[in-house]
Amino acid sequence: MNDLEPQAVLSWVERFIARIDDRVQELTELDRRSGDGDFGTNMVTALTRAKAKLSPSPADAGAAFSSLSTAFLEHSGGTSGPLFGMWFREFALAGQGGPAFSTALLADAARNGVAAVRRLGSASVGDRTMVDAMAPAADALAEAAENDVPAVRALRLAAEAARAGADSTSSIIARRGRASYVGEAALGAPDPGAVAVALFFESADGS
Amino acid sequence: MNDLEPQAVLSWVERFIARIDDRVQELTELDRRSGDGDFGTNMVTALTRAKAKLSPSPADAGAAFSSLSTAFLEHSGGTSGPLFGMWFREFALAGQGGPAFSTALLADAARNGVAAVRRLGSASVGDRTMVDAMAPAADALAEAAENDVPAVRALRLAAEAARAGADSTSSIIARRGRASYVGEAALGAPDPGAVAVALFFESADGS
Amino acid sequence: MAAHQLVNDPQELVGEALEGLELSQRGRLRWNRDPSFVIRADDRRPYKVGVLSGGGSGHEPLHTGFVGYGMLDAAVPGAVFASPTAIQIQAATEAVDDGRGVVHVVKNYTGDVLNFTIAAEISGDIRIETVLVDDDLATDTSVEGGPGRRGTAAVVAVEKICGAAAERGADLSTVATLGRRVAGNARTMSLALRACTHPGQSVPSFDLEAGQVEFGVGIHGERGVRQIPVAPADELVAALTEPVADDLGLSRGDAVFVIVNGLGSTHQLELLAAYRQVTRLLDARGVTVARQLVGSYVTALDMAGCSVTLIRADEELVGLWDDPVRTAALTW
Amino acid sequence: MAAHQLVNDPQELVGEALEGLELSQRGRLRWNRDPSFVIRADDRRPYKVGVLSGGGSGHEPLHTGFVGYGMLDAAVPGAVFASPTAIQIQAATEAVDDGRGVVHVVKNYTGDVLNFTIAAEISGDIRIETVLVDDDLATDTSVEGGPGRRGTAAVVAVEKICGAAAERGADLSTVATLGRRVAGNARTMSLALRACTHPGQSVPSFDLEAGQVEFGVGIHGERGVRQIPVAPADELVAALTEPVADDLGLSRGDAVFVIVNGLGSTHQLELLAAYRQVTRLLDARGVTVARQLVGSYVTALDMAGCSVTLIRADEELVGLWDDPVRTAALTW
């Protein structure tokens, strides 16, 4: 059985929080190039609250994600807060009441998550947002589920896809939509929201 | 018959208006030394309105004074406005319905006038205000009335008394009351309100 | 052209605003052009004592904003920071007198006192009682023959209480006595964080060094009694409130009306936070807040700063305070 | 320590002000601390549609000052100029829902729209209708996929009309439809004469060269669409009013609600004089003023400046406008 049980999900979330904490300056710097420079702080504020709320013995597979989601929704100092809140909410809902995350369940969560973020933020792939990492990760998980890839490996594939998506934002000059004001100034550096998504999937790997 | 008939009063008031108009800069300069420098303007504003309201054929001996009084009361940009308004009001009331100003009537008006100004402004003789010219003029008129001095001569005596009173303010350093903030800065120059009172009585003489 | 102001000819500002007020009140107020005063145009109950106030403009909503049912019958506006004339006051007094007399609510300034006094003298038969409002503790010096304490934000409470009593049908001396009770039991302290700029001027009425607060200011853009260093709001509010409470001799079990008043450009967020601190200070003394006003009621043009007014309250006054009022700036 | 501000820790200002508001409203409002929202505590009629709004703080009296009978059932304040969170909005929505549904009145800003949308999604069974307010003509660009016009002072009218309809017992879609009719027929233009200063900061949010006016500003201290030279007030007010009237296509016989709104530190004298000029411009077009508000209702901290809002009025809307309202900042 390769599925992710509540304790494994908890460890994943804890590793994610720690990793963002390590990288806060770098993320803030990225937001300074393409936004207003508060992304790192926004993330850490939410994640510090999430950490305080994480139950050491989560009741179900969704519990840790639920804490994450609520913390982001309660915080929402910037655009990323509520979007991450709704994204993690889909992971929480997928795991709610269940004993573990299968690859199929992860694929469901990722698909619903990116759908929620796209619906709420009206960003498409290529707009230089977190969606540029979320969408390929969701696709990777969907493919893995179809091919019965076990959850831990599926997440490694998702992480690779998310990272590639995040990297791709370095060369995007958004011409339409919300990122259009950024222009060439941000060229060469990735979108911080997309990088955070990649860090999330990379944190699944505890080895 | 030496009493002042309505036309004579009108001429007196017209000469007063003209004389203040000539001296506006000087009066303003005096207020600059001992006050806020708006005395000349305050006077001219009121007197211009009075001039426009003067009837060429006044109904009674008080009519021209009534126009003066109302103009000052309607204007009252500074302290002097309402005080002059109430001072002239006593001249208007004394002449109201009457055919002419006798010395006795002028004495009544001046006594009631200075009483009104003292009551309203709570200034005494020696406080470096218009009262320093009004009070001796009233006294001179009272004495003239007792001695049956004709009106035109009585007004000449009043003018001398008012002028002496105004001059005396040059050497007053008010130690109490409203003028106490002036201090030595104003020494050597008279109080503009007192000077205006002297000019008023001096204007009675049309020769 | 002056900075940060929306003005045409500064001389015309007051008249234009009065016209705007009349238009915006759609028949509830009438602006008498000449002589200038603002008077109730609603169905005023006849045979009541008239309640009248006035003073320089630039303090809006005071006084014109308080004309209406349950408060003023008329208000007499002067030019900015200058007394209205005796003729204006006289005309307004005549306009509101029903034969039961008129109460003049007068803030203690030389020009206002002079012109209201003269108006009373020349108003012939009309019975007039004057209520002098002199709540400003900053000017509570014992200089003999001095002008005494200035009148500031407490005037709103005096107008409210007098207006309510008159509306109830109280007679002239009762209305005046109530007004004097409010005024006599009221003290105010004010501070400025930035001076005001007169219409048409481009520089403020005084310079405040960075990091300094002008303490004990009045409502005419004049300097206060001293400068103190900027401090957290709670400390500044305490510096306003404590001497006022001390001067009134407030002690455990007393009840007060509180007015936290903005001087023009201090934001409602700041005033509400200041009110919170006033309640804490009063709590600590065991003093209860009977009723309160928090907002910009008596302004000094666009001055930044605030004042704290405390007024001893009793049951009768609270009842009158609670009576309905319907004016441009105060309605309940 | 910041200049000309009465603040403790700037982070605490909003909470302190909310505490002050609750205290000063003596039982008419309740401030729910966590999650933060302000809710009616009077005897709210049960089984009515809930009317809820919210947004960043610093715009007071908006929105908390409009909570009460005949207007909002609750308001959800964010930090200064920052959206409230979805969790706050959700909690307030649940608190005001009687089962007849809740109308969300939302000013069109990305953060507000996002958080209200999310709140609606996570509020489960509660029936929610959103009324988007986007009256700011300065942001009426046709950029595809752009954020659209900002929501500014028209929100007060939307809240008033929705509140009145809900109080009358109208159902959810009726209340929302009325709100949308108001919002859809509302346009606003604003100008700044001096930028605002954020709590705890000592310099304004932008510099305005002497003699310049920032035209087409919003309510968050951001620059406008262009700078124009200072001019007499009547010209500036015309520059605000004419494009608004044109955009609404107002013509002879039309009637409008007018809101002349101060942005923070512009004096009531100036606002009243500006209102006078608006009435003259409308007169010249043969457009009648149905009703009006003149005052500082939707502020941008202490910004100096004003906005002019016109809203097409009809008999039904005028009736709802006239319905009684009892809130901290609006009562009739």
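As written, the chain order gives the labels A, B, C and D, with residue 1 at the start of each chain.
Going forward, a residue touches a chain if its C-beta (ideal position, glycine included) is under 8 Å from a C-beta of that chain, and two chains touch if they have at least 3 such contacts.
Owing to the predicted nature of the structure, the values given are computational and were not obtained by experimental measurement.
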In the touch network of chains, how many steps separate chain B from chain D on the shortest route?
2
Could you tell me the distance, in whole angstrom, between the mean C-alpha positions of chain B and chain C?
35
With centres defined as the mean C-alpha position, give me the chain C-chain D separation in Å.
29
Quick check: how many Å separate the C-alpha centres of chain A and chain C?
58
Quick one: label the inter-chain contact graph as line, ring, star, complete or other.
line
Return all touching chain pairs.
A-D, B-C, C-D
Chain C contact footprint on chain B (complex, rising order):
70, 73-79, 81-83, 85-86, 89, 116, 120-122, 176-178
Spell out the residues on chain C that touch chain D in their complex, using ranges where they run on.
1-9, 13-14, 16-21, 23-24, 26, 57-58, 60-61, 65, 80, 193-194, 199, 202, 210-211, 230-234, 236-237, 264-277, 279, 289, 292, 294, 299, 301-302, 304-306, 326, 331-332
Please name which positions on chain C make contact with chain B in the complex.
35, 79, 82-83, 85-88, 110-111, 114-115, 117-118, 121-122, 144-145
